[in-house]
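Per-chain residue numbering starts at 1, and chain names A, B, C and D are given in the order in which the chains are listed.
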Amino acid sequence: MAVVRMREALNQAMREEMERDENVLVMGEDVAVFQGAFKVTEGLLEEFGERRVRDTPISENTIVGVGVGAAMTGLRPIVELMTVNFSLLALDQIVNHAAAIPYMFGGAVRVPMVVRMPGGGGHQLGPTHSHSLEALFLQIPGLLVACPSTPADGKALLKTAIRDDNPVIFIEHETLYGARGEISDNGDRELLPFGKAAIRREGSDVTIIGVLKMAHEAERAATELANEHGVEAEVIDPRTLRPLDLETILASVRKTNHVVVVEEGWPHGGVGANLAALIQDQAFDYLDAPVKRVTGADVPMPYSKRLEQAAIPHPEHIVSAALATLEGARA
Amino acid sequence: SAADGAGNSKGAEVARETKLPAKKECRELLAKMALIRRFEEEAGRQYQKAKAGGFLHLAVGEEATIVGTTDAMEERDYLVGTYRTHGHAIARGTDPKKVMAELFGRVDGTSGGRGGSMHIFDLEKRFMGGYGIVGGNLPLAAGFALSSDYRATDEVTVCMFGDGASNTGNFGETMNLAALWSLPVVFLVENNLYGMGTSIERHSAVTELSRKAEGYGVPGERVDGMDVLAVRECVAEHLRTAREDRNPTLIEAFTYRFRGHSAADPEVYREKSEVEEWQGKDPIEAFAKRCIGEGKLTEDDIETIRNQADEIVTEAVAFADASPEPPLESLYDHLYVGSETLPGWYAVDERTPDSHPGEEERDATKRAHELAEKGAAYGGQEVQPAVIDDGEEEETEGPW
Amino acid sequence: MAVVRMREALNQAMREEMERDENVLVMGEDVAVFQGAFKVTEGLLEEFGERRVRDTPISENTIVGVGVGAAMTGLRPIVELMTVNFSLLALDQIVNHAAAIPYMFGGAVRVPMVVRMPGGGGHQLGPTHSHSLEALFLQIPGLLVACPSTPADGKALLKTAIRDDNPVIFIEHETLYGARGEISDNGDRELLPFGKAAIRREGSDVTIIGVLKMAHEAERAATELANEHGVEAEVIDPRTLRPLDLETILASVRKTNHVVVVEEGWPHGGVGANLAALIQDQAFDYLDAPVKRVTGADVPMPYSKRLEQAAIPHPEHIVSAALATLEGARA
Amino acid sequence: SAADGAGNSKGAEVARETKLPAKKECRELLAKMALIRRFEEEAGRQYQKAKAGGFLHLAVGEEATIVGTTDAMEERDYLVGTYRTHGHAIARGTDPKKVMAELFGRVDGTSGGRGGSMHIFDLEKRFMGGYGIVGGNLPLAAGFALSSDYRATDEVTVCMFGDGASNTGNFGETMNLAALWSLPVVFLVENNLYGMGTSIERHSAVTELSRKAEGYGVPGERVDGMDVLAVRECVAEHLRTAREDRNPTLIEAFTYRFRGHSAADPEVYREKSEVEEWQGKDPIEAFAKRCIGEGKLTEDDIETIRNQADEIVTEAVAFADASPEPPLESLYDHLYVGSETLPGWYAVDERTPDSHPGEEERDATKRAHELAEKGAAYGGQEVQPAVIDDGEEEETEGPW
């Protein structure tokens, strides 16, 4: 066991898979000489050279499309988009090409590629640079969607994503790159299959589901709920949103009968909306209160630190929502 | 008017002195063009009979550009095109039966009936598709070329797209990347003077498309897309540049679609006289004339070629007709690789009251099946077809 | 009263608003000479000329961006994207610019523009040309989202959209352009405010909410439910998804205690997911069964007519779902 | 290496013979450049003190390109730029106080604290922003120009963007449209030889950016972006072309950012020597020298200009410091126009257990308020800053 930061864990995953498979390459803006905008690709150019670690022009749709074409013809590209905000320029290649091609051509060809990109707020980057787009990508059939919250998951899920034959949207969180966590050293035995949620904390009173950074806030809230309110929360991190491990979530709900879903993204049609719809459908008789959602504010992220922090969920919001569901409080 | 644009195509820089190849080659080139023409005309007829659905984009008139290009390519080279590529696939060697079956939406189609006319695909023949999104195939082409380069092969990718596609962001982005990375790719713009109903003068500030990518380091050349030999020779030269010098280039081939943009476009945007002027330059007619004139082929050869094309297309229709519809149980097939084996929930089917993983559709509840059957039974007759795919297909059946 | 087709109704709305306000103009691919891919802009070039009815190159992101810039400086552009499928190429201008600008610049400038585009399946256009993206656009704060299902609503909502000072995503359905409906002739008195749902049919047993073409399928299902099963369904067409008239929906749910949401789009994070999440949260105690969703299949739309029709919801699916909720059936 | 690129900027085609204007004008030009330099240096310091957050992109070294451009423009003309535009706004006449307040995220900021450093905006001065998305401002510029044309005015739009932005799809799409529609717009690429950490040779196949749009019908010209008079003269000519001939053009201004891409980029991608070479061509220093040399300004004038700049910037900081933080109740303000009056549900706030329309946040429940306060109280200290905005800002404070 070693303690590493998320960015190191992701870096290890890419390095190990590149060593393992000659067909794995990394492309993206400033991934080579600059070592990555968030330093996730640090050292890869030096180790693997210009052929396998490629700086690209600022051409998001084309970068992704080049990855799709390369994946269709034998390579396993890892495309880094500098942030999820810029993926809005690449959605045509992601949705109409990467996601559609295997199905559209009757399974005659595969698109084994990974699109890595960080998102989220917290750095005062303002309205164009703070999106959380998990809820947008989970809508698209043909894509797999991962959103790791710990270095161990980040490394294991990224290795799985690189080896998977489907196009994978791999969403990281800008404020988690520095987060430290334990990670096992025996690389290959640390593959994590998609579609397995993690139970971060066991509890019998309320189920709190948190994604990316919100998985951590959920744990903090759970601690506060236990210490201050005698409430035992079960904290679940889905880890992948496609496939979704609904079984683990439903099992918890059948036990706790109360649910809070926490996400940083927008409320309308968000991750929480999807989970709430599925949970109320499949565990209706087990719910003692409505599935509560704690989401980012329904605004483009404001720059002002005060407004930004007010727009992002914090443990207090989660605690408050959990207590409300237990009271069975209603608007 | 685009007639001026048409005029350009007669410009000196386009003309090429070519020599007719050996008899056998002449026959092959003519046969391929004739087959494509026949196939497209028949596809139009089948569409009128509602055997084929969706949009139907025919390449009638563009056969010389297609065949001249594929004939210059090696088997190991990749070809990628647009939503007007029945002929491109056939020219690459894809069995017309499978193309017709795809138009019919049947299991024996190139994409098993999932892609349709706009999404023909044949990995074996290295015809890489068939894409409905204008300009969407350019980045893919750069990706194929990157892959060829990365794998240290000498494969070249040929990327064909329309004049309208040269205005998409992908055009500039891809040209720059291809030149920056010295990718082995030949871009060929099928300049048929219109993007749907918008003439080139109305959609492109610079109508000399061969120069449009110069600012990105991709030099270009114009060629008469109605002359199969000129196209073949030109493409061969550019393939060499890509294969040996590792430089991407752009070919602008002047051509013209004799039919509407898609099955029955009212064609209010162009003059009948313009269409007729171009029909006077029929690439198949012209090549056949020359072959006879220079004694390479006889009237009998021509007759045989025509009959063979007829036969192949007739068989294709029979084959497509006989091919079964995709089973409803296959709805979720190929959505994900390994979805049967990998854990977790890959697709959900909320169309039935019984929520269940989509991949279990195969053995879904009886009710789900009944519903699927009921749904499938809908001919969509209640549907009001969009103007671009209703109306009458004008039957301009030529000798070809 | 006159009976017109949807495409005529939309055409009238644009013509009337262009006559009313010199600053209204129409831009898009093939909207002028070709008269519109679906003939919605027929005759506008002839009546208003090249200055106000502009054919554009195939440059989706730029077409929308030009509209945003023009809207910021005094014009009221109507941008037609030939179909919603191509809007994936314009999402950066729609989300990071049109939707963000008014908020991002503290209200100093407005973006009064309408992006019109048709979507949906049914014409065998296959995996790249059959999307229903209502659920994607309703996620975005800063946008208004309209999805009319009748000629009268189409005309009235489009006129309102053109006069609204916010960026409006106006989603039409390709298979509804030929649909006929009554429409009043006195143009200006026919403005329809956003955020008012329509109750298409009153009923006390189950609430069926349908969007775009599915609003019609919902009505057909309601008729069958009444005739064959003695079930009185209340059919609601939200008409706009942002703002959303949740009040009307909740009032109905409080009466019927059973809900079915019907949409043509994908199930994950769809329109139905958003409504289910909101309804279970705000009408929890009134629900006798889970909110049921009837959605398009979770696949890129297949070309085969048989598969396509199997992937699109039909009255049978709705009837079956309604009966299931009344049985309180569960998976 | 980009040093060669730098070399170009000394190329013959770039040099321009210019005459110094009258004393008063010299003073004004120098004062504006000095003010921007001071403002940027101070912004860097305030960022280190965490008074400003987010990304901070400074234009130190690029003042001549900015001021030369704005000085040639009419008040009625529009200017639009990137995320590196504190100086552009100031040069257009925006009060430095309001720009600094925006960096501080305060209510008196140009965007009321909502936009931040990357999103400066001032409609009154026709500075149209300030955009964080590379290349996102090009279509907007075409839109402003279309509007000017549509309204039959003779306003011209100047669109400034970086060398890296010339690789975005928007570049080609917008160039084509601007030329096709004869829009009154002048495109100016601030070629500082790098897109973030990628040198122009590594991101653009053709490094002569002035020629990059020729294929779209937009001719270009190169100018020494370190010479304020050369830039002013060049831009004036191109403005005339746009205003009178209605032809869009592209200016490539060679410049250089003396600082990192954003507040402390480790700058591993360029040599110290290259930075120093360019610092030797400091546009403010050079212009001041020349003014003194040709007797237009005295050492005292220079001293006064420096002091005035200091004063203005000091006041700006004091003003920003004194300006209040936006009230939490304003979180949803300006999300929609008329959201107070229009019916229906414009925003939902699910962060509190009480679901309620967001616009009612103003008078939301006590609990919602407490929670908002608690949330706002977070300094984000638990957050691990991304590499691009941590590290030490190197204090390369020059005489300017």
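Please note the rule applied: a residue touches a chain if its C-beta (ideal position, glycine included) is under 8 Å from a C-beta of that chain, and two chains touch if they have at least 3 such contacts.
Please read these numbers as outputs of a predicted model, since none were measured by experiment.
**Q** Which chain is most remote from subunit A in terms of Cα centres?
**A** For subunit A, the chain whose C-alpha mean is farthest off is B.
**Q** Does B-C or A-B have the larger number of C-beta pairs in contact?
**A** When the contacts at B-C and A-B are counted, B-C has more.
**Q** Between subunit B and subunit C, what distance separates the C-alpha centroids? Give it in angstrom.
**A** So the centre of subunit B lies 33 Å away from the centre of subunit C.
**Q** List the centre-to-centre spacing of subunit C and subunit D in whole Å, with centres computed as mean CA coordinates.
**A** The mean C-alpha positions of subunit C and subunit D differ by 38 Å.
**Q** Please report how many Å separate the Cα centroid of subunit B from that of subunit D, as a whole number.
**A** 45
**Q** Please output the residue numbers of subunit D that touch at least 2 other chains, ranges allowed.
**A** Answer for subunit D, listing residues that touch two or more other chains: 111, 113-115, 119, 131-133, 136, 167-170, 173, 176-177, 180, 202-204, 335, 347-348, 355.
**Q** Hey, what residues on subunit C touch two or more of the other chains?
**A** In subunit C, 56-57, 59, 61-62, 85-86, 89, 92, 96, 103-104, 126-128, 141-142, 242, 268, 272, 278, 281-282, 292-293, 298-300, 302, 331 touch at least two other chains.
**Q** Okay, in this complex, where on subunit B does subunit C touch?
**A** Residue positions touching the partner: 53-55, 102, 105-106, 111, 113-119, 131-136, 164-165, 167-169, 195-199, 202-204, 268-269, 325-326, 328, 330-332, 335, 347-356, 358, 367, 371-372, 374-380, 383-389.
**Q** Which residues of subunit D touch subunit B once you look at their complex with the stated criterion?
**A** 167-173, 175-177, 179-180, 202-206, 211-218
**Q** Spell out the residues on subunit D that touch subunit C in their complex, using ranges where they run on.
**A** It is residues 78, 109-115, 119, 121-123, 128-133, 136, 138-148, 150-151, 169-170, 173-174, 176-177, 180-181, 333-338, 342-348, 355 of subunit D that touch subunit C.
**Q** Show me the residue ranges of subunit A that touch subunit C in the complex, using the header's touch definition.
**A** Residues in contact with subunit C: 61, 85-86, 88-89, 91-92, 95-96, 99-100, 103-104, 126-128, 131, 135-136, 138-142, 242, 265-266, 268-274, 276-278, 280-282, 284-285, 287, 289-293, 298-300, 302, 330-331.
**Q** Quick one: which bits of subunit A touch subunit B in the complex? Just the residue numbers, please.
**A** On the subunit A side, the touching residues are 25, 51, 54, 56-57, 59, 61-75, 92-93, 96-97, 101-110, 141-142, 144, 164-166, 193-196, 240, 242-246, 278, 281-282.
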